[in-house]
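My questions will all concern the structure given below.
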Amino acid sequence: MLEYIISKYNFWVYIILLLIGLYAMLGKKNLVKKLIGMNIFQSAVILFYVSIGVKKGGATVPIFMGDAHAAHGHGQAIIDVASYINPLPHVLMLTAIVVSIATTGVALAVLILIFRRYKTLELDEIIKIRKDTGV
Amino acid sequence: MMSHILLQIVVVPAIASLVILLTRQQIGKNAGWLAGCSLLYSTGLLLLACIRVYHGEIIVENYPFVSSAITFDLLGDGLSLPIALIINMLCAALAFYAMHYVEHRIEAIYGDVDERTWRNHYTRFYIMFLGFPLGFMGVCLVTNLIAMYFFLELLPIPLYFIMAMFGYVDRVKVAMICLLWAITGASFFILAALMTYSQIGSFHISDLSALAGNPMAFWIILFFLVALLVKMAIVPFQVWMPQVHAEHPTCIAGLLAVYANVAAYVIVRILVFPLLDDFKVFSMPLLILGLATMVYGSLLTMAQTDVKRFAACSTISQLAYSLLGIAALTITSLEGGMFFFLSHIMGKTILFSTAGILVYTTGIRDMRQMGGLASKMPITTALWIMGAMMLSGFPPMSSFPAEWLLFTGVFHTGIEMMPGGLIIAILAATAITLTVAYTFRSAKIIFFGKMNPDIELHAHGEIKDPPAMMLIPLLFIAGVSITLGLFPKIILTLFHNVIGTLPLP
Amino acid sequence: MIWQLDIILCIFVVICAIAAITVKDLLAAVIILGAYSFFMCILWTEMGAVDVAFTEASVGAGVGTVLFIAAVNKTKRRSKD
Amino acid sequence: MATHFAALVIIIPLIAALFVPIIGWWKKGLCYPLVVAVLIVPLISSLGILNRVIESGPFSYYLGGWAPPWGIEYAIDYLNAFVLVIISAISLIVSIYSKKSVEKEMPEKVVPFYSLFLLLVTGLLGIVVTGDLFNVFVFLEIAALSCYALMAIGRDGAPFATFRYIIMGTIGASFYLLGVGYLYIITGSLNMLDVAQRLPEFYHSRVVLTAGVFMIVGIGLKMALYPLHAWAPNAYADAPSTVSGLVAPLMTKVAAYMMIRIMFTVFKPVFFVEIIPVTTILTWMAAVSIIVGSIYAIAQTDLKKMLSYSIVAQIGYIALGIGLANRSGLTGAVLHILNEAFTKGCVFLVAGAIVYKMGSCNINDFKDLYRKMPFTMSAFLIGAFSMVGIPPTCGFFSKIYLIMGAINAEKWIFVAVLLFSSILNVIYFFRVIKIAAFDEVIPDYSRTTPYITYRLDEVPLSMLIPILIMAAGILVCGIFSPEIINTVIQHIIPASF
Amino acid sequence: MKVIAILIIVLTGGLLIYGVEEMPDWGDPNSPASSHVSPKYIQEALEKTATPNMVTAVLGDYRGYDTMGETAVIFTAGIGCILMLRKKRKGEGD
């Protein structure tokens, strides 16, 4: 059992982080907290993707080692697939990180708009103000 | 002119409506003439078509709509054409009748408005009004369930707008009620149509017979019946009818009766013809419902004092006659039922329109405040009495042979279904006396007896017969009714060509 | 890669995440979020995703924290939960 | 040329979005004509694409020349081409409409507005055109981010509504991304067709099941399906008129497109029908959506909010059609996407026009609107007819296909729901019509006030014409719907139905 | 609110844990993710794109359109912030 848990520990970590993020997004009353949760949530997904790319057994970072020009000249025979980590998830996650930070940026701008209007960032207070003023 | 005759009949009102819409500022008050004349033209076409059918021809016109399942085929046979003819004639007559009436309503509702707005109101009535003949002709002539649904669904829309724009006190609310009931009915209709399609893969009425014996047939017929009984305001679906009839402008009152009653034709067309055997199960329940509606409607009518509501409640009981005729399922009763349907709508048009004239001239709606009008308004009185005779089935009106045939059939069935059937038949026949009672009682109250001295106060002017433009169409209808009453063979031959083919006693 | 180190990093990450959403001072929470991102970077480097780690370090931990601080600065620092 | 249309659809608006700030910095007034001119390109391109698909069947376009599954592929089939045409047509119409409304609502923000407008269109088109699961996510985020920003500048409650939308939208998008990750871990591919081909052998794996559930929930959030709808009504209602005119008809429908794509292309229908009963759950959610959405719509006094709840109800129709998973149902769903795009576009543009003229859209203030704005309100009437399903509007045809689907599936409860919803639709749409057309006319005929005049007070032509085009679109789509079904939609239905 | 949140995370967490169980072993070089598409990148990237960093090669070339989308996302966020945060002139206030 322990073996089983340890053998997939990064998956467990990603699940825990995802749930922490999700909880903060749904359950926290402070809007900034929600955004912090959103960041955690998104980085959990990124962690999951990065974990997909991992190869055990001596694989290294996906940057070609050795003489690039020589390899370029002699074809691909020397490149061993097993010795490099799968680069595709990394590519995807570069995009995802940028997307996540862009979302955060937009969300923070909206947050400032909300603060200008309601002078508070607590969900329950905002809802109360909305109810009172009919806005 | 003779080619695409049925298509012309359906399309002419639509074109006239469009022309009025586009030229409403120029055409102004002449919109009534345009509408009336276009309807006269299509009535003429229908007459021609009827003559052709009378000589044994069946007119079929095929128009492919965008897909193969939904077509726009039109069928003119001995059943559809006479009904279409009478309805169209009524529409034409009412178009002329309405010309003065709408002026009066606009003045009453909107007060003094400037010329442009006035023309807008006035033409709007005719734009909407022409939706009725379009819808009725469509319902009568099409042979495809979806096309029929389209026309059935089309009808409540002009009804809604006319009622909401030109009706009486509660008009907007009542218009909404009417629309809701219409949509409810239409929902059942489309449901049944789609169930049919899922069973037989076709929307054609002629293919409906493939449904015979199908286990789903019961449900399909039931849904169709619910849809159509809602339209016909048969107990227990009658709640909308008295309110609606009380508030609408009387110039479309006759059409409202048609609107409700055309469902009887649809029952014959889509249920009795193709699915006779499966329909027989419903015969008895429908007889009972019909009887209940008759009695309920008559008693309700007796209690009315409002002259418009009075006519409205009588519609409920009259509608049930047609249903009774259909439910009895004999050749004579079916023919009688259809014939009574025509007689009733003519009688109702006259009666309602006369009520409209009364409201128009006297400005009051309560019968008890009227009285002794006969001396001032002789022609109106005559019209009212003729209307009353038409509803009660006195000779020489067309409803006399109609009721005769109807009850011959009903008694035939009644005797076969002893004892329940016979009781129903006898009760139904007795219910006629109720009709006689309430129609003539009203005539007495309104036109005879002592005149109310205050009545001149409400009136817009001197109390006298209205302009000829309002009377002539009604007199014409009365004339048609008397002709058909004296020579019922004309229309019965047409009916018999079609209905006679059914394997019924 | 060394799995013991990985696990320690993972624990740090989780602790930072929990701290970030529980601290009531928003500025502190944001700083902890920056630390969280930083630990995440190390974790990813450990897993061989150097490019991702660099981007996260610059964009996530850097720009993100700056944006958050700017926003918190413009609004309220205290949170009720 | 037709091959490159697939790329042009995205590239032209994207590049134009970059140029708008530059040109706007030079001369503000040029933004509007530029945007309108630019949006003609996607329309022509997508019509070209549709034409090519109809003539010679589906084709694909390799971006950068890399063959799939290594590069990104734009796989165009009937569904893509169809939805592309809808999106580009609606966005062009709305862009024409935008002029006056934007000038009035945010005169100082015209330049970034139009830039984001184009980005939003790009995002929506991108989601539809691409054949790569991850690429969908990227475009989804472009569309979502521009949507957030555009919505947040709306009327009073907008920022808060937008914030909720951001939270829910991000959860939705991340769930989708998670689903893609699960599919990737099991198939090793991101190309939709490649995944579809490699997936069936893993259908009983828990990973695929989780992936399916996450993707459907994510898309369901974006679709605003009950019970995931809570964010939608406020966000749509509070957005600026032009934005709700663009987003309301398209955003949820693009999500519906994604759902069809995931359920019937990436997965085979058998997966969601038999292996996990998502379709059954979906139909129930849809049914509740229809009823609850309609009832909430009845309770609203604000026109835009009413229409927003009506979106929740209408999206239920589409979801129901998808969930029924048979030929008629799916035909109805796809046709309803078209219908909804035009109908909701029409009614939201009308709402925008009313806001433009009256400053608010409280239904109780609508008295006599029919006399002041006859054309606008006639368009609204046509929209209402389509919502209720009165022939010959498009709504009628999509509804009969949906009902037929439910009948064929022998799910009578859904038949009842569909029919009942028509009545609810009548109630809330005709309430508006009633107030606008008939109220405030004094209902007694002894009135003596002389001379009431009604001045015509229509919106400017640049707003009126798009509204009328939309209304005409409803009718045209209705009348030609059998044609549309024969040439396009019937090819969309999976072969197993 | 909190109850719903906890309910949702329990459901999500349950589903995730349910899914993890049948995942390919972590870091298995023969898992589909590592054996279907990506080997070609590793083998060909250098030759076809002359970039030693495979991530860059894939990012800039094979999946260049993702990157274009990514740029567009940043641009969108920037323009969006400008749109939202630019103050109204002439003291119109909020």
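Per-chain numbering from 1; labels A, B, C, D and E assigned in written order.
Heads up, the rule we're going with is that a contact is a pair of C-beta atoms (placed from the backbone, for glycine too) under 8 Å apart; a residue touches a chain by one contact, two chains touch by 3 or more.
Source: prediction; values computed, not measured.
Counting only chains that touch, the fewest steps needed to get from chain A to chain E is 1.
Taking the definition of touch as given, a chain qualifies here only if it contacts chain C and chain E alike; those chains are A.
Looking at which of A-D and A-C shares more C-beta pairs in contact, the answer is the pair A-C. Comparing per-chain C-alpha centres with the mean over every protein C-alpha atom, the closest match is chain D. On a Cα centroid basis, the chain most remote from chain E in this structure is B. When chain centres are set by their Cα atoms, the one at the greatest distance from chain A is B. Averaging C-alpha coordinates per chain places the centre of chain B 67 Å away from that of chain E.
Centre to centre, using the average C-alpha position, chain A and chain C are separated by 11 Å. Centroids built from CA atoms put chain C at 78 Å from chain B.
Distance between chain D and chain E, defined via averaged C-alpha coordinates, is recorded as 25 Å.
Contact of a single residue of chain E with at least two other chains is seen at positions 16, 23, 33-34, 37-38, 41, 53, 55, 63, 66, 69-70, 73, 76-77, 80-81, 84.
In chain B, no residue touches at least two other chains.
Looking at chain A, residues 10, 22-23, 26, 29, 51-54, 59, 62-63, 88-90, 92, 94-95, 98-99, 102-103, 105-106, 109-113, 117 sit in touch with two or more other chains. Chain pairs recorded as touching, per the definition above, are A-C, A-D, A-E, B-D, C-E, D-E.
Listed in rising order, the residues of chain A touching chain D in the complex are 22, 25-26, 31, 34, 38, 41-42, 45, 48-49, 52, 88-89, 92, 95-96, 99, 102-103, 106-107, 109-111, 113-114, 117-118, 126, 130, 135.
Contact residues of chain A toward chain C in the complex are 6, 9-10, 13, 16-17, 20-21, 23-24, 28-30, 32-33, 35-37, 39-40, 43, 46-47, 50-51, 53-54, 59-63, 85, 89-90, 93-94, 97-98, 100-101, 104-105, 108, 111-112, 115, 120-122. Residues 134, 137-138, 141, 144-145, 148-149, 152, 156-157, 159-160, 162-163, 166-167, 170-171, 174, 177-178, 181, 184-185, 190 of chain D touch chain A in their complex.
Residues 14, 17-18, 21, 63-64, 66, 69-72, 108-109, 112-113, 115-116, 119, 122, 126, 134-135, 138-139, 141-142, 145-146, 148-150, 152-153, 182, 184-190, 198, 205-207, 209-211, 213-214 of chain D are the ones that touch chain E when the two sit in their complex. Listed in rising order, the residues of chain E touching chain C in the complex are 53, 55-56.
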